[in-house]
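You will see chain A twice below: alongside chain B first, and alongside chain C after that.
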Partner chain A sequence: MKNNKTDFIQGNIACVEGAIVAGCKFFAGYPITPASEIAEHMSERMFQVNGTFIQTEDELSSIAAVVGSSWAGAKAMTATSGPGISLMQENIGLAIATETPLVIVDVQRGGPSTGSPSISLQGDTIQVKYGSQGEYQVISIAPSSPQEMFDYTIWAFNIAEKFRTPVFVMADVMVGHMREQVEYPEDYNELEIFDRKILDDPDSTEGRFLSTEVAPMPIFGNGFKANVTGSTHDEFGWRNVSDPKVMDNFIKKLTNKILNNKSEIIRTEKEYMEDAEVVLLSYGSVSRAALETVHTAREKEIKVGSYRLVTVWPFPEKEISKMSENVEKIIVLENNLGQIYPYVRSAVDGKAEVELLSPSVLGEFFEPNYILNKIKEAK
Partner chain B sequence: MLKDIEHPLQKYIRPGTNYTTCPGCGNGILAQSTLRAIKNLELDFDNIVFVSGIGCAGWIPSPSFNTDVLHVTHGRAIAYATGVKLTNPKLKVVVFSGDGDLSAIGGNHFIHAARRNIDLTVICVNNRIYGMTSGQAAPTTPKNSKTTTTPYGNMENTFDLSDLAKSAGATFVARWTTYHARQLTKSIAKAIDKKGFSFIEAISQCPVHYGKVIGMRNDAPSMMKEFKSKSIHINKIDSLSNESSDDKIIVGELVNENEKAELTDLMQSLRTEVGTDG
Partner chain C sequence: MANINIRIAGIGGQGVVLSGIILGRTASVYEGKNAVQTQSYGSSARGGDVCSEIIISNKKIIYPQVLKSDILIALSQKAVDKYRDQILEGGTLIVDKDLTKLEFETEKFKVYGESFNKTAIDEFNNKTVANMIMLGYLVKKTEIVDVELLKKSILESVPVETKEINIKALNKGMLLAQ
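Coming up: the complex of A and B.
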C-alpha cells in the first residue's frame, strides 16, 4: 500500500497501484508500447506484495497464464495493446466460457496491424466486444485520467470477481502515458474490495457454472474436482456438444449473467444535462475534450451537456434512449471512425438527431474549438 | 460376483464418465500408466491438476480424471498450466498434449516452459498424426508418409520432441512407446516426482487415422509390434551404426538432471528477499 497521499504519476503506473490495492497477485504480460510500463512496474511490485510476475513468450500465453492463475485462486491481470488483444482473443473466449474472473488492460494505439504504437486511437472498442468467436457479452470500462486508471482498475477487479468474468480496462496512449496527480484513498480499510464467491463444500450439489446469479467458483486445490472446459457445458461443467438445448442454455446463461445485471454494472456521468439541447456523448480520453467543450460552451450560454459512458459494454441503450427524449441533438465523439455510433443511433431510434464527430485528424486530441464549431453549425 | 470387483484405478475416475477413444487407441495405455504412477507414488489425487489442450490426447484426463481438470484451447495447455503452477506451487500440475498440440500450434510454449525449468510434467502422446481431425500431417509425421494433407508423401523433416525438450532445458526427459507400458509408468512417476520441467514422450498408435495410411488400418497390435521391433534403449545406442539408428525409436530416460534451479523456487526466494507489504 502507498503511504503517501498523492503521487504525480503516469496512468500506467496508477493502474498497477490500483491493481495491487484491489488484491491482484498475478501478472503475466508481454512488452508492447504503450502498455509496457505496466509490465515493468508489475515486475518490481508483484514480488514485493507476495505476488507473481511473469514475462511470457507471447500474449497468447499471458492471457492463458492469467486464466490458470485465476483458477488457482488469485486475482490476476494482464496488460497489452491492440495487437496483443488480437492474439489473446481465442483464450479470452475461453475465459468467458469458463467464467474466469480476470482483468485485461488495453492501452490502445493506432491500428490496423502494427499501426502507430504511440498515437492514441479508440480502435479496439469493437474488437474487445466481438473479437472472439461465438456469442457473448463483455464488460469494459473506459478511464479518462491517471486517477481513473487507479480507481477503475480496482473497480474492474471488483466486478470481475463479482460476475466471474473478464473485465476490460480500455485506456489509450493519452491516458496510459499522461502524468497527473493521483490521490490515494484516505483509508484503505474503507475501500470496497470484492472477492469472488468460492464453492464452500466439495460435496455441495450447487451448480458451479452458468447461473445468472453467478455460481460459486470451484477453485483448484480444494478437493472440488473441478471439471473446467471451454467446450459447451452444463452447470457442473459436463461437456455436451451435441444437444442444441445445452448450447442454448450455455450461451444464454453466460450472456444474461451480464445483461440481467446491467443496472449494477453500467455507469454514466452527466454534466449540464438538465437543460441540454445538444449532447456530447463520449467515453475514455475523449471525454476530457467533451467536458472542456461543454464548459466553454456554457460560458457562451450555449446549452450543451456531456454524457459520458464510463462503462462502454454492456451498452447502456435504455439510458441513452431515455436521455434522447429530452434533447435535440447528440454528437457522438470518438477517436475512431464511429465504433459505438451505430449503437447510439439504434438506442436513440429517431428521438433525436445523432451525428458522429471524429477528430479532424484521427489520433490528434479533439480541439474543443473544433467541437464547438460543429455545435454552432448544428444550431 | 464379478460386478463386486472394482478396478484398482476406478477411484481415480470421475463418476459418470466413459472413455471415448477408438478401439485400439494408445490413449488408454497412457491413461492407465499415468494413474498407476500416481497410485504407486501414493499421491493425494486432489493435489494434482491436469491441464490439456485440444486433440484426442486432451481427452485422457478430461473429464475422466476425478480431480481438478482444465481443458483449454488447442496448443495452449502449457501456458495455462504455467499460471496454475506459479500461483499455487504446492499443486502438482500435469499436462497432456498431442504431438500437434504440443509441437505445432503450441511449440512456443513447450520450449519456453522447458527453458524456464518450471515444475510441470508434460506428457505428449505422439501418434505422429492429427488424430482428432482425422489424419492430417503433424510436425512429427515421418518423412514420405502419406496423410490426408500429404497425398504425395510428406516432404518435410520430422521433429524429435525429446531432443527439443532436452535442448530447450528440460531437467527430465523420457521416451517410450505404448508397447513399454511398465517403463512408461515408472518414468511418469519419476517425472511427476521430479521438481523441474519433465517431459514424457510416448510414441503411440492411432490405428484409425495413422494406421490407415501405413497399411495397418484398425490394427493396433501390428503397430505396437512395430514399436517393439524398432525400439532401442539409449544405453545400447553406441553399438548401432548411424544408418540403422535412423529408423529406430530411441527409448529410455534421456535426461535426468539435478543441478538446475526451478522457477517457482526462485520466485519464492525473491518474495522473501524483496517482500514489503505482503
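Coming up: the complex of A and C.
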C-alpha cells in the first residue's frame, strides 16, 4: 500500500486507491468512457490485494455480481457511467430491497442514450435517486477533486457498510479524468474503516432486515440458512406479498433507515456564508467554479457565499431551509437543466429568491465571469 | 506569478496529454507545488483534436480549467487558430514550425517556433519522442519547472524500454532552445 506520499493521479485512479484502503475485495464492471480507468486500474490492484476482478459481459451482470459478492461477505464495488446505471437499475433496486452494502461509482457523461462519452454533464442526479421502481432512498456523494475521489470512496464504503445500503459516488468527466495531487494518509491505522455488522448466531432472535438501527447481515457461508429476497418481506426475510401492512413496514423501514440518520449522512460545505446576500448552491465539479466565483466576487466586495452539497441524496432540505432565512437570493448552479433546482425551491419555500443557472453551453465548465454577471444582474 | 496556466494543444498521438501529466507531476510530486491537469478530446484515440491544460501554483487551485494561458504550445494549425486569442499579454506561444503557419504578427506575446516532429523523425527515427523534444525546449525557454526534477518525472512516466530515448530527446529539445 502506498504510504505517506503525494501522487499526481486521475480522479478515477484515486477512487480505486480509496476503495482498496476501505477494504474493497471485489470489483465487477464493464468498460465505458469516462469510467474505464477505474476498471482498468482495479484489474491490476484487485490481483495485488488478493481480491477478485471480473469484467462481465454487461452492466446488468456487473451489478448482479457485486450484489452476490456482498452477500458472500466482500466489500464490493462497480463503476460505470450513465448508460451503465440505466442497465443496472433493476438490481440496484434488489440491493436496496435486500439491504446490500455496495458502492456504485457513476462517472457521468453527456446523455441521454449513448450521448457524448467525453463531455461532462451532471445528468444522472435524478436517475440515481429514482431510477429503479418503487419507493426508496439512496445515498449519493459528489466529489470535486481526485483527493475527494480518494477520501469519499473510503467514506462511501463506510456508510454503505454502516447502513447496509448502496452508496453512489457521483463523479463526472471533469473529476474522473482530472489529474491533481492526492495526499495519501500518513497513518492508515488512524483511518476510520467501518465493517458491517454480521449475524453469526443462526439461533439469534434478532431481526436480519428492516431495522432503522440497521440489522446484522446474515451473510452467506456462515453455516446457516439465510433468506434473502427482493420481494416484500419481514424482519427475518420471510416473503409476504399479500399483506399491505408488511409492505408498509418494508418500505418505511428501508426509507427511514436513511431518513432517520440524515444528520449523520448529510455533509455540506459553506464558504463566506456569514454575511452572504447571494448564495451559489452547487455540488460536484461545479462547486469549484462556484467557489472561484465567490473569491472573485469578494474581491469586488460583492457579498456572495458558496453552499456546496457534498452529499446530494438524502436531500438536505432542513439545512437549506435554515440557510435561506438569512439570504436574499440563491443561485442553483448545475451542469444540467435543473435536476436539484425543484428540490431547492421546495426547501426554500419562498424565504429567498431561487434561480437556476446552467452553463451557457451544457457540458462546458462554468466560467466565473459568466456566473459573476448573473450575480450582478440579480443585484 | 501566482498561477502558471499552460495549454498544450494538438492532435491525438502527439503525446499532448502525457506532456501535461509529466509537467503536473513534476510540479506537484517533486517540487511540492499544487498542480491540476485537465484534458479535452474527441472519441478517437489518434487523429482527433486534443488539448491538455495544466495549472501550476504555490496556492491551492480552486478553478481547475485554464481560461487564458500564460503559455500555449500549439502542435497543429487548428490549435494555433483556436487558442492563440486566449494567450495572456506577455505570455508565450510555442509552435511546431513545420506543422503550423503563423500568418499573424503580434507584440502581445512571445512567439517561438521549432521543429519538434521533424527532429524526432530525422534524429531519433521515432516521432513519438516529439513531445519530449518539445518539453525540453519549453523548460529551457520558460523555466516553469526544474529540469532535473522533470527528468525524474519523465523516468517515472514512460515505459522502461523508452527511458533512454526520451531523456535524449528532452536534452535535444533543450539544445534547440539555446
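Rule of thumb we're sticking to: the second predicted complex is superposed on the first by the 377 of 379 C-alpha atoms of A that agree within 3 Å, B and C clash if a C-alpha of one lies under 4 Å from a C-alpha of the other, contacts with A are read in each partner's own complex, and residues count from 1 in each chain.
Throughout what follows, a residue touches a chain if its C-beta (ideal position, glycine included) is under 8 Å from a C-beta of that chain, and two chains touch if they have at least 3 such contacts.
Worth saying up front: this structure is predicted, and the values here are computed from it rather than measured.
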Contacts of A:P117 with chain B and chain C, given as first, second, both or neither: second
Answer with first, second, both or neither: which of chain B and chain C does A:K318 touch in the superposed model? neither
Which holds for A:N50: it touches chain B only (first), chain C only (second), both, or neither? first
With the two complexes superposed on chain A, say which partner A:K376 touches: chain B (first), chain C (second), both, or neither. neither
Chain B versus chain C as contact partner of A:K300, first or second or both or neither: neither
Which holds for A:A28: it touches chain B only (first), chain C only (second), both, or neither? first
Which partner, chain B or chain C, is in contact with more residues of chain A? B
Touching A:E180, do we find chain B (first), chain C (second), both, or neither? second
If you stack the two complexes on chain A, which partner ends up touching A:A226: first (chain B), second (chain C), both, or neither? first
Seen from chain A, its contact residues with chain B in the complex are 1, 25-26, 28, 47-50, 52, 54, 56-58, 60-61, 64-74, 76, 90-91, 94, 218, 220-231, 237-239
As the complex stands, chain A meets chain C at residues 6-8, 33, 117-118, 145, 174, 177-181, 285, 288-289, 291-292, 295, 365, 367-368
Chain B contacts chain A in the complex at 14, 16, 46-47, 49, 51, 62-63, 66-73, 76, 79-88, 90-91, 108-109, 112, 267, 270-271, 274-278
Can you name the residues of chain C that touch chain A in the complex? 21, 24-25, 28-29, 32, 34-43, 61-65, 67
